[in-house]
Structures are given as C-alpha cells and as structure tokens.
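I have placed the structure first, in the form of structure tokens, so that the comments after it can refer back to it.
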C-alpha cells in the first residue's frame, strides 16, 4: 500500500471543562504513536505551535454559549474536512445547558457582580445546531479508548465501533449485578448510550447518564419505575438534568416531570 | 531600542499549553508598560447559579465538571463542605483513601504540567512531542509517571476524568485491595523516576526573578496538606477555613476588569505548590525533603519559575505518600458512613494541584442547595499573575516581540493556570487610546 | 445413588481440583448470588437465599444453613461457554495481503458447581446451535468439551421460575456428571448424589459416602414433586407457537412497547440467547487488525441494520422478534423451545416485563 | 481432540481484475491466493468478503458456476465496507468465506419457461442463472429477463445484456425509473413489463431479486398473470455477521436468511412478507 499522508488533526475548544481534550493527553501509551500517524496541527492545550488549516480531522469540544463562539464554529467547520464533536458539551450542550431551563439573566446576576459585562447567549447549544457534524462522540467525559477508536477508524477508513445501544448491554457483558434490580438503586443505564463500559453500576451506583440518550430510548417507562421505587418528580427531574439535560429525550422527560411537580 | 520609543501592542490571543483559554494584552508606550491585562475568556458557565436547587449529594458530580484537569479537587472541596454541614468527620481508612485519591490527582496533574506544558518552555520547544524527538526518554518517563497517577485515580475513582466513586460520606465502592497492591511496583519505579524528575527540573535555567509574595496554603499539624487544615500565610494569616469569607474578597481592580481574589487590606497573594512548599516543608516525606535539599531547594523560594522544581518535589511526595498509604492500608468496613440531612452552611477548602480551592454551600433541611460559592485557585492567583507579568515584562521590554511573547507565556505557566476553573471571571473590555 | 455429608463436598472440590478443574460455583457478590470462581465449600452461599419477582431481586438470609438454598443467579453459565467478548482472530498486514493468526488460546478445564435443571437444558440448547448444525463453533466446543457438571436439583423454586411449564425441571434429567439433592431437616443435613456419566461415577467412588436408603430417595422425590407445584410463574405452551405466529400484528405488542426500554437486559441474561455481533478493530498504524465477537441483542437498532436503515426500528418489532423467537420460531429452527423457564428475563428486566404474562394476554385476547 | 475447522476464518483470495460497471458498482474477479479454495457454488449463493481491518459483508456470487475457480462478485458501494472494497486494486488480497445459502431453482426450472426479474444490483445474484440458462439453453422453455434500473447510467453488465438481447432464444426487456441522455427504451417500474412478457404462467419458474418493495409488486403482478405462488422465488437480504447461523442477525421469522435463504420459494415467506418490521 502507498504511504499514507499524515492527516492534520486540530482540537478546538468552546464552552467546556477541557476534560474531553485532556483525554487525548491521557492516552499515555498511545500519544507518541498518534503523533506519528497524524500531524497534531492545532491543539492549544498541548502545543504553542499551530499549523494553518485546512485540517483533515477536527475534534470539537464544548458548546456554543456566546455570540463570538457562534461565529467561530463556522470558521472551524470551513477549515475542517471531517468534524467530530467530542463530549456532552459539544453533542448536547453540556452541564451549562442547565441555563436553558431558566432565565439566563437571573443566572448572570447570581454569579457576577457586574452582569452587564457578561456576553452570553440565552442557551448553551450543541455544535450540530450550528454546523454539520460528521460524527458525534458522546460522554462526560468521552472515553479515551472510544476516542482512539474513532481516530483509528477514520485513519483506517472503517466505521468506528461506537455502539448506540444501552449501558445495560455493556453492564451485562461485564458481568455486573444490576443495581436497579438487585439493590433498588435507580439507574439511567436502560435509556443511556453505552460507552463507559457500565462504569457506575460497576461501582455500585446508578448510571447518571454521561453518554446521553441511547437510540430509541423510553424515558417515560423508566421514570414510571423510578416513581414506583419511591422517587419524587423533583428527583426524576434532577436525574435527567445533568450533562445531557438538553438532549431531546432527556429534556422532554425532565420537563414532563417538572410540570407535574 | 527603537521600538521603545513608540507604542507597541502585544496580544497573545490564545494562550497555549494552559488548560482552558486565556489571553494577554500588553500595551507599551515609550518604553513603559502602559497597560497589561491577563484576560480570561472562558465563556461563563454559571455553576454557582445552577447548583441552587440541586441535592447536596449531587454537588461532587456537578462541580467536577468545572474542570477536567482537577476534578478530584472540586469533588473533595464540595464533599468536605457538605460533611461540615452534616457534622460528619471521616477518619481511618476512608480518610486515607481520600488522601490516596488526592495523590493520584497531584501526580497526574503535576506530571502533565511539568513534562508536557512547562518543561518545553525551558528547553525551547513548542510542545512535548517536539521535545520527545530530542529527549525521548524524558518524555516517555513523564508519560509513564502520569499514567501511574491516572491509574490511582482510575482504580479509586472509576475513571481519570470526572471520577464517579466519591460521595459525601465516603465512596460508593472500595476497590479490591489487590488492585492497589498491583500498583505498588509501579509506584516504586515512580519514586525513583520522580527523584530524577526533581534533578532534571532543578537543572533547567531559571530567570533571576523574585518577589516578596504572600504565600497562602492550608497547613495541617501532622501532614502535608491535601484535604484539611487551617489557612496560613508567611505574613501572619492563620485562620480556620470557615473564616475564609471574612479575610478574602473579590475586587474590581483598576487596570483590569477581572475579578481578582485578594486578601482584604493586603492585596494579592500566591497559592499553589510554591506556597504549600514554603509553608509546609517540614511535613514533606523525609525522602522528598532530602531530595529537595540536595538540589538546593529550601524555603523560602520566591522565584515563581522554580515552581517547576517544587511540582517535581510534590510529585515525589505524592508518590511516597501513596506508597505509605497502600502499604499500611486496612479495608474500611463500609465504603461510606451513613449521612443524615440537616440544614446549614458549610465550607470546604482543599489543595488542588494549583492551590487552594474554596467552596461554600448552604443547604436546607431537605438537603437542597440554597447558595453556592466557589473560588478556584486560578482566580486566587490571577492578580499575582498579572503583577508578575508587569514586573517581568518591564525588565524584558528590549526583547524581540516573538521572544517576549514566549517569555510571558512561560511566566503565566508558572502558575499552571487552569482557566476552565475560572468559574467567574468577567470578560475584559479592551481599552484603546 | 449415595449420600454424602457436607464435608464430602470438600472432598468433591478437592478431587475436582486435583483433576485440574477450575471450580466455578455460586457465591455472594454485590448482594447477589453469582457464578464465579470458588475455592472451597466455604465460598458457597451458605444460609443465603434470593427473592425474585418481576424486576426485583433481593438477597436474604435464610433461617437454615443450606448450601444451595437459592434459585438462579443474575447470569447463567452461558458467560463461561459462549463468552461475552471473544477475539475470533487477528490478522497482520503483509503488503497487499495479510496473514491470519487464529485465536487458539488454551481454555481452562472448568467444573460447574450447582447447575440447575433449567440451565442444563439451556446448555443443551446452545449445544444444538453451536455444535449440532452444519457448522461447529470451535471456541464453544473447546470450552464445552472441558467442563464437568455438578447439577443441583431445585427443591425451592423461585418467584419467577416456570421450568415445570417448560418441562425442563425441577429435577435434572440429563447432561450432568453428578446431580445433588440437598436433604435438610431438623435431624440432618446431607446430599443425595447421583452420577450421570462415567466420569461422575468414577469421581463419586473417591468420595466418602454411604449408599442411599429408600427413605433418602423418597425424601428427595417428594421434595422435587412439591417443588414442581410451587413454581412462581406458569406458561401454557400448548399451541403457543401457532398462537404467536397468528398474532404477529396483535395490538398488544404496541402496549408492551410502551413499557419496554429496549435495553436488552432480557436477552443478555437469557441462558439460551446466542446472538452476537462482530467488531473490526485495528491498531493505529493499520498493520494489525482483529475481529472481536460480542454478545449482541435483537433489541438494538444495529442488529437489524441494512443499508438505509434498521429493519426493526421500533420497540414493538424488537420485543415481538424476541418473544416469538423464544417461544415460536425456535421450535422451527432447533426443534425445541428457546425458553427453559429460568425466569431471568422477568427478574432482570428493569421494568419487570414478564414473558409469561405477555403470552397469557395474547392467548386470552387473540386477534385471530 | 481433533481440531475443527473454524468457519469464521476466511480463505485469502487475490483480486485479478477490477471491472467498473457503473459509477458506484464494480465487479471483482478473484482467484485463490493459496492452495485453499472454497467449495464450488450454485447460482444464487453468496460469500462473506472480508476487507482487511474494515469489515466483512455478504455479497452474492455473480460469476459463472461452471468456472468456480474464478470467483466473481459485483458490488454496489453503499457504505463503509463496500466503499473500502471499491478502492482495492488487482493484487490486493481479501478474505472469502463461503459459499453460503440456498440457490435459485435451476433444477425445478428444467423443462419450464424461466422469468428472471431483477431490480438494480439484484441482477448480480441472478447473473449466474443467466449464464446457466444460456449454457444449457436447450433444457429450458422460453427465457425472459426483465430488468429495471434507476437510470440508463445505472444499467449493469451492458455488454452481456446486449449479447443476450441479440439472441433469438431469449427475451430481454430493460426499463429505467428515470430516462436520461438519449435513452429511448422503456421508462417505468419493472413490474409493468410483466404483463407484456412472453411466457407461460402455468409452466414457468420466476426468479425475482431486487428491493423488497419491487419483489412484492413483482409477485403480485406475476400472480395476476396466473403464475402459482409455488413457482415464484425471491432472494432476501438482512444484516449478517456470520453467515453460518450463529449470529442471529439475519432471522426472518423462523428462517435464517444465511442458511434457509437467501433464495426462498415465495410461499415459504409469504406470511411474513407484508408484515411491518419483521
């Protein structure tokens, strides 16, 4: 086979905690190998050197929360051949999308002494509300092995093995005892997309939805069970209002219970 | 130089190799600094606002998301604050495990900073990957050390970033003793590697730059501080964490629009490794003390550039401490103590890798958070960083712009500022003449 | 048939270990009785039991000190024979070609302690799938050929059990090396043991034992008789296959879909469900490739994906596929039901959907 | 323990030629790259084709069953694996497992008229039938090929179709959904050709392959003409991971498409055919 040309990789940050891009630096065993396969052309968390675009692969972390960022994401899109969003902020608006359920001005004055200086949008929105996204990698934070898998798949021209089924599938493959059935601990696993290898149930706690809704989820049926297990509507609202609060199925579910409570 | 006679503007729009995004704006006129702003433009994320109305047990998971670099610190500060409210004191093996988790985060964060963010500055590389071409072994050692730190967090916390296993009262599950034991061998390698790390960083070239800072850190009678202690300084501060708000405030300073945390009536202060080291040297492990002395590092260090050596010493300490904890570790009987809700206000302050991280919460009798306040280390250092830059830049105005820019970046990186942490900085307005 | 004392179990375990078997049996982990590696009879869940109902499992202390006084655990023996994740093979690029390196990692010799009758039948069903068709799965075979089975007869069926309906229990009929009935009353605590294979026979000889009396055999017989009548659930199987085939468009499937999470738990825990997917994995350089087989489920969307979209996009169609497969089409495919009545899918469904209830509903309200 | 052959391990085959058929469809001719070979195949059977590091997909054999040492596959590039396959060049090696599945009823067709109805890429699995019909032409009654394609540019195997069309003992009708360029032939769905086709509905065998909806309407139309359901055969498609009945993906009611299909006599699957999401 012909020598593959080194693709150029860029990493962009919008409103986020940096955790997802840090996943790349957390690939201790693979980092140097990655840098042999791709040219890390723009990655401010790691390097002052920047190479001009266009970029073959752009990883975008963070959500859009300011007018300036709403502009900037279009520049990033234009400069990128493949744009992959990483993490709950970029794919669903992130924890900061909790503002979407409230009056953002009130939030601003709660936190800042001089709210007039704060330039912010009413909503924290995922990247795909602004530009076309080629692939979404979920998680809060993303799983570094899934990130490697996605990079790998793009480098090798195959489909990434990123399943969209429930956390339960991984939970069972891993041989966990179901915390919901055996311990009575409410768990979002059945409506949440796999990817973490059922981390929370493995540590005896209920899944709290880092990877967002699975395909074809059924939150109302799960909530009904939570209610039967003794959870209040407020508790259900909070359960669905975490890092993927603004993802449609979770948003609808929390709003339905908010209306009831 | 010619440049000195006209006005010049240096703007670094995106600061590289810091976590998060910040920018620097300097205006020079007639050879003097006319204006200097260290600007943070992480979009506001409103954590303190949306913590209101959440259950107290959720604070650790939510506040972790402030920063992907030091989530453990956020989790622990919030947990300590909540435990204060509930009147819980965690002792014995659970307390030890919390220290162990902290060791993991320090190792991982310090090593990341030293090898991947800061060392390239001293050696003149754009990044560690470039540096790896000439110093492959150094970078590989760094990666392996970092991995060991991450491994501790992963075993105990479930994953490296935003761990899921800590809770108010303890942990969800105590991992098998076997998992820790398996780490011991790696940790012993790491201890030697960290000694090398101290020697390596001590051998770098440091600018001759010192200041008379007020160093603030936690201080504990028996141990090097992670989770607990009183807030002390080299200039006489000695208060309980509960009194934080009485002594610290966030003010609006003239040349900048950022909120700077300052000591009331005293001004800027300095938190982080240098402060901890200067104030707690005696509680470092004997080995860490010995190696620090060997490279001529004894309190009081006032050159912020030397923080890279201090981070290495702290890494060595954290490894030593992790070994001690694992070797003397008893399985706790329960992963967590029982908690009963009661209303109240609580304060938590722990030593994030970058310095003290302060949380305060008020919760009602149902455990719902009424108010929250979070002051991360980066905002506490913000004024000091600006002051440093002011002094440092003044001395190097004759440097070509490109070099000066790099020097400034390096000076900022002394503080390993974590800008995602800056939960409440104002966006700066740029003044133009 | 012979009687052994509780100490005899230690002798049994030792003898098996001596023969190089790794012991797999019940033990209490994470508030459930799971099948896991064990060392000695002390590891068994002595004095523990489980309470099971739709969507609920609770570990409880027993009044007595029985070794096998529980029913079936969260997962079956499937996980040891038909691995949840298995590397099929690996390939190394060689210019325009590649070389395949088969996965022939050595498999352990395993002794399964405490296999229930329904589980024996489930193993027999998977044997048909993986060993008795046109093709043989060598991975399953090499594991299957290396197991020794110590069955335990069920004297206290659980809340979601219905093996009596499926004719798969409670007494172990075949497929074991040794079968144990635990006899426990105020006077004594012994095990009635029966060999089911020459290997079992030989092993039994080595254990301290005495011949069983007619009374012993009677006692066991009675216990099992009673057990058959105490099933937590029932499923009427008469004409079930045609009933389901005739009701593929029953409105009730939609009703189930409103409750079903399409989470796939039922398929993962089912001892007969065998579906898998294969993932292609490469290293960063693209020089090494692997094919990994993983348990899959008809409840996922990718399961029925063909270019353009999933065939079974709705939960309606996925649940229908699962249940008709278990109770109807399995007969056409493998000449047996796909359900052995172990009740796991009922217990471990997070929302407690009950296959026996759903079948009953359709039987009582057919549309045809 | 005698080692059993692992049915999941493919046999290496080397690409001899790559023939572009249309914009997105190509034909690979392969020969064994080692001493190992797959068994001879029958018309309608398929293989699993493995592309190194990318994946494995089921593809029908589109070559001549009488020269099985030359494996021919015609594939439309629609997704990950098939697109990667399209990029391969002569000399590249791919993995082959097979042949799998049921085949077209060429035995039953002896002495009868044969109607071959294909839509789009569905012509590929039927090409082995056409080769056989032509080769043993005297064994069959009338032979009719009805072929529908999206546009004239999407027509597969043009040269062969032309050759067959010129034969006096074969009827070939082609239609397109959408005429482009200077197309002067039929426009419309392939089922519209059925009533016009010259064959004896009472003694014929119909073999239909194409999208499910096209097969469905073809069956209706054939039956309208009087063709008994038992004389109609279709070829089905479902997701497939193993092709040996282990993975469960290709179930279609009680059938496994990989072993009971892909070719079915229509009455075997009729009860499922118009059910939603089976």
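Which chain is which? They are A, B, C and D, in the order written, and residues in each are numbered from 1.
FYI, contacts are C-beta pairs under 8 Å (C-beta built on N, C-alpha and C of every residue); 3 or more make two chains touch, one makes a residue touch a chain.
Given the structure is predicted, the values throughout are model-derived calculations rather than measurements.
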Chain pair, A-B or A-D, that carries the greater number of C-beta contacts: A-B
From the mean C-alpha coordinate of subunit A to that of subunit B, what's the distance rounded to whole Å? 25
Between subunit B and subunit D, centroid-to-centroid distance (C-alpha), Å: 65
How many angstrom lie between the CA centroids of subunit A and subunit D, rounded to a whole number? 43
Distance from subunit C to subunit B - Cα centre to Cα centre, in angstrom: 51
For subunit A, give me the residues that contact two or more of the other chains. 156, 158, 204
Shared-contact residues (touching 2 or more other chains) in subunit C: 93, 96, 280, 282, 286, 302, 313-314
Could you check subunit D for residues that touch two or more other chains and list them? 53-55, 79
Could you list each pair of chains that touch, in label order? A-B, A-C, A-D, C-D
In their shared complex, subunit D is touched by residues of subunit C numbered 88-89, 91, 93, 96-98, 100, 102, 129-130, 133-138, 141-142, 145, 245, 248-249, 274-278, 280, 282, 286, 289, 291, 293, 296, 298, 302-307, 311-314, 316-317, 321, 325, 328-329, 332-333
Okay, in this complex, where on subunit A does subunit B touch? 13-23, 25-26, 28-29, 31-32, 35, 40, 44-50, 65-66, 69, 94-96, 98-99, 102, 104, 106-108, 110-114, 117-120, 140-141, 143-144, 196, 199-200, 202-205, 208, 210, 235, 238, 242-243
Where on subunit B does subunit A make contact in their complex? 14-21, 42-50, 52, 54-55, 58, 61-62, 65-69, 71, 112, 116-117, 126-130, 132, 139-140, 143-144, 146-147, 150, 158-162, 164-165, 167, 172-173, 250, 252, 257, 259, 335, 406, 409, 418, 420, 423-424, 426-427, 429
Across the complex, what residues on subunit C touch subunit A? 29-32, 34, 55-59, 74-75, 79, 84-85, 93, 95-96, 258-265, 268-269, 279-286, 294-295, 297, 299-302, 313-315, 347-352
Residue numbers of subunit D touching subunit A in their complex, please. 53-55, 79-81, 83-84, 87
